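Chains here go by letter, A, B, C and D, matching the order in which they are written, and residues are numbered from 1 within each.
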Amino acid sequence: MKIQVFAVLKEYFDKEFELGDDITDIASLQSHLSCLNASAQGILQLCRFAVHDEFVDHDFTITKNDTICIFPPSSGG
Amino acid sequence: MKIQVFAVLKEYFDKEFELGDDITDIASLQSHLSCLNASAQGILQLCRFAVHDEFVDHDFTITKNDTICIFPPSSGG
Amino acid sequence: MIRSAYSHQAAVAELSEISAGPLDVVGLLAAAHHPKAGAVVLFSGEVRNHNEGMAVDYLEYEAHESMATKMIKAIIADANQKWPLNIAVAQHRTGKVTVGETAVIVITASAHRGEAYAANQYIIDRIKHEAPIWKCEYFSDGTKKWGSNCHC
Amino acid sequence: MIRSAYSHQAAVAELSEISAGPLDVVGLLAAAHHPKAGAVVLFSGEVRNHNEGMAVDYLEYEAHESMATKMIKAIIADANQKWPLNIAVAQHRTGKVTVGETAVIVITASAHRGEAYAANQYIIDRIKHEAPIWKCEYFSDGTKKWGSNCHC
């Protein structure tokens, strides 16, 4: 699966990267990323996740062909 | 004394006219004008009066050299 | 003392609060920038084509110019006292104003948007209720009517 | 169904909610007339030269464009449901925005000014809190900081 991160998350991860297929839902993705970079754990708790341009909950099932976008809190304006 | 009226009051009085010196305050001016044109009595009750660019109360003393402006309720915009 | 945008105030120092000619809405907005202001709010009161079910051709505004000018300046000074504004200007038309034209404009700017919105509404509300400015509506059926209420 | 200004909507039908180039604030205002609207309110969110005591050089805005566009459209549709608006448009910058430039604009118009102010504030509040748009502040001392709060 493809992961895209935005804004401050780019200071913790590449803007876009691939992950293996053993991750099956958003909650496990969040844990996995917190392990990859422990200093991102705090901000990851505040993030929203989107698949196919729709926000999804933590129990949303993800598969290998999905692109998952991770959004830090917004601050437009 | 000189009287200037504005907006809808021009439908009841000339825009500008002179009155005799027997009128000594705003209250008596108001009564006098209501007698001159009884149909203006209602609107005159709602008007504000100004002398020398300042709003004045009903007991304000006016003299022959004054110009008194009479303002119906405003409706700017 | 008015807390305000001195550079912008210089730029609009010659702005008349009452104008017999069309208001330069776009020009006033273009000038309404201040490096400390994160929020600019503009209000334009415009002539509608209908009022109380009657088709409107145009309005005519009459003002006691010197008093209206003084009162609008005082209202803006009060707004500057109440909120930390970088910019606060207002201008009102007199004379004939056609449908879609601007009769009154208020621009406020401040660091944060809450103040800019609040001050803007405060200024237009007070201008409409207190300034000696009146409108006469000319309807499509040939009748006319002096206004005594705010319509926008 | 959105109650809105069809003629104006036609004029701004091609307006992108997200723009990589400078926002045409003055042009959007010039187009924001509607014969039934007595009140036009414009909000411009601009880049300030200071934030939290730090001198700001410029900002950079990043957006998830397709989702931000869809969310701004939905927020405007909600505003049109809540208030009888003749005009409701919003546009947000991406990329580098310098001090004094507009990062976001909202224009609303309605018959009466209360609705135009309320809808305008509603739209900008929701855009700022909900739309996937982020700013990075570049300070004069060479540091930068991704924003996580509204600053105007």
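Note that a residue touches a chain if its C-beta (ideal position, glycine included) is under 8 Å from a C-beta of that chain, and two chains touch if they have at least 3 such contacts.
Predicted model, so just to flag it, every value in this text is computed and none were measured.
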| item | value |
| --- | --- |
| Minimum number of chain-to-chain touching steps separating chain B from chain D | 2 |
| Rounded Å distance, chain A centre to chain C centre (Cα mean) | 49 |
| Whole-Å gap between the CA centroids of chain A and chain B | 73 |
| Rounded Å distance, chain A centre to chain D centre (Cα mean) | 27 |
| Chain C and chain D, separation of their C-alpha mean positions in angstrom | 22 |
| Shared-contact residues (touching 2 or more other chains) in chain A | 77 |
| Touching two or more other chains - residues of chain C | 38, 45, 124, 151-152 |
| Full enumeration of touching chain pairs | A-D, B-C, C-D |
| Contacting residues of chain C [partner chain B, same complex] | 45, 61-62, 64, 66-67, 70, 92, 103-104, 124, 127-136, 146-152 |
| Interfacial residue positions of chain D with respect to chain C in the complex | 25-26, 29-30, 33-50, 99-100, 111-113, 116-117, 120-121, 124, 151-152 |
| Chain B to chain C touching residues, read off their complex | 6-8, 11, 48, 50, 53, 69, 71-77 |
